[in-house]
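Note that chain A is present in both complexes that follow, paired respectively with chain B and with chain C.
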Partner chain A sequence: MTTPVKLLDFITILPVIFLAAWACLLLLVDLWVKHKRVTAYLAALGLAIGLGLLWYQAAWIGNAGFNHMVVLDGFSVFVNALLLLSGLLGIALAYGYLRRMGIERGEFYPLVLFSLSGMMLMAQAADLIVVFLSLEFLSIPLYVLTAFAYPKAASEEAGLKYFLLGAFAGGFVVYGIALVYGAAATTALDGIIAAVAEGRANLSLLVSGAALILVGLGFKVAIVPFHMWTPDAYQGAPSAVTAFMSSAAKLAGFAALVRIFALAFSSLSDDLIPILWGLSALTMLVGNLLAIPQTNIKRMLAYSSIAHAGYILMAFTAFGNPGVAEVSIAAVLFYLAAYTVTNYGAWGVVILLERAGDLGLEIGGYAGLGRKYPALAACMTIFMLSLIGLPPTLGLVGKFYLFRAVIAADLIPLAVIGVLTSLISAWYYLRVVVNMYMRTGDPEISPEPWALTITGLMAILTVLVSLLPGWLFFLASQARLNLF
Partner chain B sequence: MVPIEYYLILSVVLFAMGAAGVLARRNALIIFMSIELMLNAANLAFVTFARQYGQLDGQVFVFFVIAAAAAEVAVGLALIVMIFRSKHSIDVDQMSSLRE
Partner chain C sequence: MLFSEAMSTGFFNLAPLVVLFPGIGLLFNMVFGGRLPEKVVGWVASLAVGAAFVISILLAVSLSAIHGHAEIVSVTEWMSIGSLHLDWAFRVDTLSVAMMLMVSGVGTLIHIYAIGYMHEDVRFKGDPTRFQRFFVFMNLFIAMMMILVSGDNYLMLFVGWEGVGLCSFLLIGFWYDLDILGRPSLENAKAANKAFIANRIGDFGFLIASFLIFTYLGSLQFDLVFAEVEHVAQPVILTITLFMLLGVVGKSAQIPLFVWLPDAMAGPTPVSALIHAATMVTAGVYLVARSAPLYGTVPAAQEIVALIGAVTALFAATIAVAQYDIKRVLAYSTISQLGFMVAAVGMGAYAAGMFHLVMHAFFKALLFLSAGSVILGIERGYHAMSHGKKGHGFHHTDDEVFNPNDMRNMGGLKDRMPVTFWVYLAGTLALAGIPPFAGFWSKDEILLDASLHYPVVYWLLTAAAFMTAFYMGRQVWLVFFGKSRHEAAEKAEESPRIITAPLVILAGLSVLGGVLNLPHFHTLGHWLEYTLGELRISEFSWLMAGQATLIALFAIFLAWLLYGRREQAANEPDALKKLLGPAFVVFEHMYWIDEGYAAVFINRYKDLARFLAEVIDGRFWHDWLHDSVLAAGFGKLARFLADPVDLGLIDGIANGLADLTQWVASRLRRFQNGFVRSYALSVLLGVVLILGYLLFR
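Right, the complex of A and B next:
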């Protein structure tokens, strides 16, 4: 059944190939570049070209490549566009930050590009082996980036913890894939569906395999009880890396989760719903409750990111229900876009206030920001409101779509838990706002043009898109999963 | 011929030993070895199933897993060496600079 490699095969993963090649070139060019700023601009140029290639590639939507190992569909184009944009935002935030922290090393930008190309491949993977390979491809550069502030002890330790738990999760994914292979005699998603439909598959093996894959990917997107690495890795990593990792890695992880489960394992939905129900409820509760006592803003945002993984998983719980699956996938994509925008904005503020030696990271240090830098405080207020899910922000619209999908699937108790935990989250998000406006203090910011621009832009987008969310939701609902 | 089940049982035992090792041991190197054990348990399962189905696919996957594991070793050992240089210990319980 195998066909020889054609040009079309390469077109289906053109941006991925380009990005990986560009990163290799950048590693070489960086040797001769004296000012690392140039490397940053070249990396951004590569991402911009990647976006162009993605647009060019869109004419071939609906094709599979390399014997159905990868697919190019609306879903993957949507996710890849978000990933490339989040790479651009990550580089913009890192630009001034790295120099200020004294860790401006040229490898940073190629590593970001390598990780991104792994993530983009993951969004396109239509075979479990490609899922595993892209998972490693995206994770290994992230381990290095987490430890990028060496010889700072916190960063090294964060890197090691992330590495050990990430590799542990990788072990679960591989074993899960082995079991699925044993059950269906193939690792291709379409082959698994065919095997299940024809009754050839060994269902108990398939369910255990799916559960192990869920555990492994659950580690990557930080779902409780597989979240232990998140607060440490997010706090210890350089803030610009955390911003990138918390948005882009989550995006890629959820893209793979959605594709694998909604397509290949949709027949297992009845077995998996109680598991997903419990995981998402637990994630929302634990993430939000543990965020309350945090005094360090990076740690607080880490728990907040766990909680948001819970909300996204909540909408995806009913993935096997054919009437709901489409709405819930669109809601997940919309929320991921909304979260990316808000998250980068919030990390932009954190980066502006951080000073070398881990100073300026306490939430108490935000006191007086409202008086001294009213515009920045207004931006931070918008991001906090968006993370709670209050108007007039993107967070509210995103949560509205998520809850609509949950209610359509008739999982009312889960929706109630979601609403209640959102209320709990107001406690710790609003504490930041209260600190900024109602306490006196003398915070200092580092006026970096790029970080300021990104923060302002994200604040504007958070409000503006929430007033006219229709087009983004339309795009998200057009982003269909294809199988071939 | 040894029945397929024996290989699978061995693979499950290896995987469980690896997972238990990650959770129970505190030395970063031993944890890392336990993770490798988990990956190799998966490799054994792949080869077993490939033999059962008379396919080559499963055996090819093993090469992919080995290659990915080797890449992980490169980064992992570098991280461990770096930490050993600054702390003279690779006990994960002593890595407490990130606790509240």
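Right, the complex of A and C next:
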């Protein structure tokens, strides 16, 4: 019962199409551009236009396109807006960093745009085939970006590892999709819902398929035990790439996870809760425990990002409970926004302190920052407090909403694990603060205007939005999931 | 057309600007102030407050255009937790606008005055870099005060309440490390602490009241709370109002928490005028007026409030007659006048109370600022004097006792500082309640209402009014008349125009302010009725007015008898001391209240703290429980286990959870070996576990 392609179909994914086309164009333009910063500005312009198109597109919320392969709903608009902003922040951080590290190559920016368009498509995907397609579309540029510092061995190694393991995990997704197709005879999310409702679906096959899809997406957002690539890739990749990857890829992965599970697999909730419970508890524990012995700030932040994936998964554990799902999805979206802000800020500080040859990345090297650059140290303190979840920062508000969702779902032991691991996390986050203020040292920074601006801006946002979080949570709770 | 439309609707949306403008001013001065000349810093700060004043006028105009209906301007949702929904919303009604006008109007004048005052003060104290800091704090104060008076719920009011408390602390301790002559000293910091801690007790009461309001009345938003009042039992409302009263006595310096206000005069004089006379200390009065629907339902609470106010009014007035420090006299006078206001709002005479609040803001700000001008004059004289003597510097070591605030060092300033003298006289007559000055009308209205409804309050207040006229007369004669009793006073000079100009404006307001609420017209009273409902407004009585005037005149005559007829010599004891003897000593030492508090509360508190620290924590917890029982016992246990059990395990436990987690972490770390194959294995392991669970559950 397919309908021919209409103009409306293109409007539903207009920003995605535009971004991909803009990236292709940028590849060409880059050949004639002498100063690579022009490419950077053009890429940023593309993202800004993308934001404009998203605004324009919002009038069509409530439409599905391409025979229900993609949808345009409040959820996808919220996620896509965050993704585009995240892309802008990523480019701003990369702008001076790439030049300083001697890897300012024009293809960087098109690769970011390609990856972003894959992520945005993923947030809109309403068919498992599109999910897989966009997963690969976003991943392959990321593999390349991870190895972007070639011929630096660490970067190449990280890229290769990420690629091999990504391919491995991608296999599970495909296998899961095949099982789902076997169970429900369709890969469309609404088709799966219908098949389950009419009793046509083979539920045990379906749940196995869902579990395998969870593995694949769990790999992307770094859930334990599918997380092992994360520290190596995060450390080996250029810091600007890591900042982008740890924010945007996580966003896209969770967006797909939320959409697929909350809509298509909500009937499997009872079967999946123990699995999600275990995975999130394990992720929170392992992420936070392994962050403790790290001495390299990039590795520490990598484990921190694993731990935060655990917190988000924790709130999502009760996705099938209709009374809680809405609150928990809003909490997840809010936390993703809060994490994006804090994470970019923290990486901004890392980038400012990093020097060529992997110098300035040891946490011990932050000693004396509080005395020498008090404003920057204050920003870093804010980010660390936010990552722990202490007031007055976004991290606290975000965690508040997460824990509220968990408690509403009556998963008290999981909430207790969450709180205890947050407590453990204070140990390694505060070590950075202790180093900055209570040890003497002579750190060097590279005062790049864009990175400084982003860092300061994120610090202000982290505090300010935490004081008035109402509007953001309102937006997050308005971002409804739909298939139409 | 457009303007009239804007007048009735659009201007209300400007309400947030009353907070925003001072906020911008403070941010600007904080960021750029260090690099800008003093003049710019001062004028930016003054303009920020002036802009807030203009907005307040626009709000008042548009409010009268719609006949005083309260308008609520919501900026954003603030918090929404369970059944608590609060907006960050500004309430524009006649009461809040009256406060806004007063705060920003008087605030602007004091800011301008402070440009001149602080210019000299920072130089006298020898640290000009603090000029910028002063104006940042002052703008912060105005912003917070605006939040306090314009918030639409008790929590916003509390934000402002705490904010002004913070500013008060910061500004009392503005010279936290220097004394009045710029020598190292921690007295000011102690005064700031005292104010902050005394206010904590009050804030505790306010918080409890807010919690109770939310619990029993279901909201913190004013309209919703007041609509609920009649459905709630009387004892609950009584409890709420009494806890709120604790907040009032803290912030508005009433018995028993008034002790912080006299010490608060350690702050620079503009601070005393703005925060500790005109605005912040009246927040308690505002709170009672704002909560009129709560107090209205429990007469018992009203009576307690009125009595506390009246007793404080008399009590503080008696202390004021025996003070020597020019600012301390005014400080006790402020406590006393706040007592008048609290008594008025307690009696339910909200119009009279608010009227006196505004009038008092005019003339007390004037008096403080003029006192500041006097002090500056004396300091200039002192400077000139020491310059003449030594040729350099003015930090004497041989002249430790000199205090530029001490009235015994003054005298005869009438001719040396004529402008200051005349404005001071205007303020004095207004405070003493001599017609037709501002204070006469407002005080008369309070006394009249009291005579009709609360005779006890009336007699207390009348006695206080008598004292008021007396101590102000004493002050004027001691400071301005007679011969100079110190060389510094002889060499005193008049202040520059930037200081005297705001004084003249305030003097004008003190003379003419009464027109705001003349008998028969009751402009302010009817204006406030839009918000507070039908108010009790007593008609003017010639008998009462005449009586009050005669009492005031008699008190001033007495003051002249004691201080004016014959000149005080420099080292002679106070004339009143000769007359009253021991009673004067009691007043002079503030009834030894500070010492009494120290003996009863503070030292007991310190004893308790010491007991907890030394006995409970030190001897019991540390020495006995921790060292003897736990550590020693554990040591024994460890030694016992060390032989049979592996030492490593014991170490692990003994070093506590910290090492344990680190150990676990390092174990886990081993899996992170860098080989893709083991990473893939981990993924596979996860898959097997999940599928295994699904298969075998």
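In the analysis below, the second predicted complex is superposed on the first by the 484 of 484 C-alpha atoms of A that agree within 3 Å, B and C clash if a C-alpha of one lies under 4 Å from a C-alpha of the other, contacts with A are read in each partner's own complex, and residues count from 1 in each chain.
Criterion: contacts are C-beta pairs under 8 Å (C-beta built on N, C-alpha and C of every residue); 3 or more make two chains touch, one makes a residue touch a chain.
Not measured: the values here are computed from a predicted model.
Engineer: After superposition on the shared chain, which partner residues are touched by A:Gly170: those of chain B (first), chain C (second), both, or neither?
Structural biologist: It touches chain B, and chain C stays clear.
Engineer: Pick one for A:Pro322: touches chain B only (first), chain C only (second), both, or neither.
Structural biologist: In the superposition, A:Pro322 touches no partner, neither chain B nor chain C.
Engineer: Kindly classify A:Trp229 by the partners it touches after superposition: chain B alone (first), chain C alone (second), both, or neither?
Structural biologist: Second partner only.
Engineer: Let me test your reading of the model: by the given contact rule, A:Pro274 touches which partner, first (chain B), second (chain C), both or neither?
Structural biologist: second
Engineer: Once chain A of both complexes is superposed, is A:Lys161 in touch with chain B (first), chain C (second), both, or neither?
Structural biologist: In the superposed model, A:Lys161 contacts both chain B and chain C.
Engineer: If you stack the two complexes on chain A, which partner ends up touching A:Gly470: first (chain B), second (chain C), both, or neither?
Structural biologist: second
Engineer: When the two structures are overlaid on chain A, which partner does A:Val207 contact: first (chain B), second (chain C), both, or neither?
Structural biologist: The second partner, chain C, only.
Engineer: First (chain B), second (chain C), both or neither: which does A:Val215 touch?
Structural biologist: second
Engineer: Both chain B and chain C contact which residues of chain A?
Structural biologist: 160-161, 164, 168, 172, 231-232
Engineer: Quick one: in the complex, what on chain C touches chain A?
Structural biologist: Chain C residues touching chain A: 76-80, 88, 661-662, 664-666, 668-669, 671-672, 674, 676, 678-680, 682-683, 685-687, 690-691, 693-694, 697.
Engineer: Applying the document's contact rule, which stretches of chain B touch chain A when the two form their complex?
Structural biologist: Spelled out, the residues of chain B in touch with chain A are 8, 11, 15, 18-19, 22, 28, 31-32, 35, 38-39, 41-43, 45-46, 48-49, 52-53, 55, 57-58, 61, 64-65, 68, 71-72, 75-76, 79-80, 82-83, 86-87, 92, 95, 97-98, 100.
Engineer: Touching chain B in the complex: which residues of chain A?
Structural biologist: For this pair, the touching residues of chain A are 129, 132-133, 136, 140, 143-144, 147, 150-151, 153-154, 156-161, 163-164, 167-168, 170-172, 174-175, 177-179, 181-182, 185-187, 231-232, 235-236, 294-296, 299.
Engineer: Show which residues of chain A lie in contact with chain C when the two form their complex.
Structural biologist: Against chain C, the touching part of chain A is residues 160-161, 164-165, 168-169, 172, 204, 207-208, 211-212, 214-215, 219, 224-226, 228-229, 231-232, 271, 274-275, 286, 289-290, 292-293, 424, 427, 468-471, 473-474.
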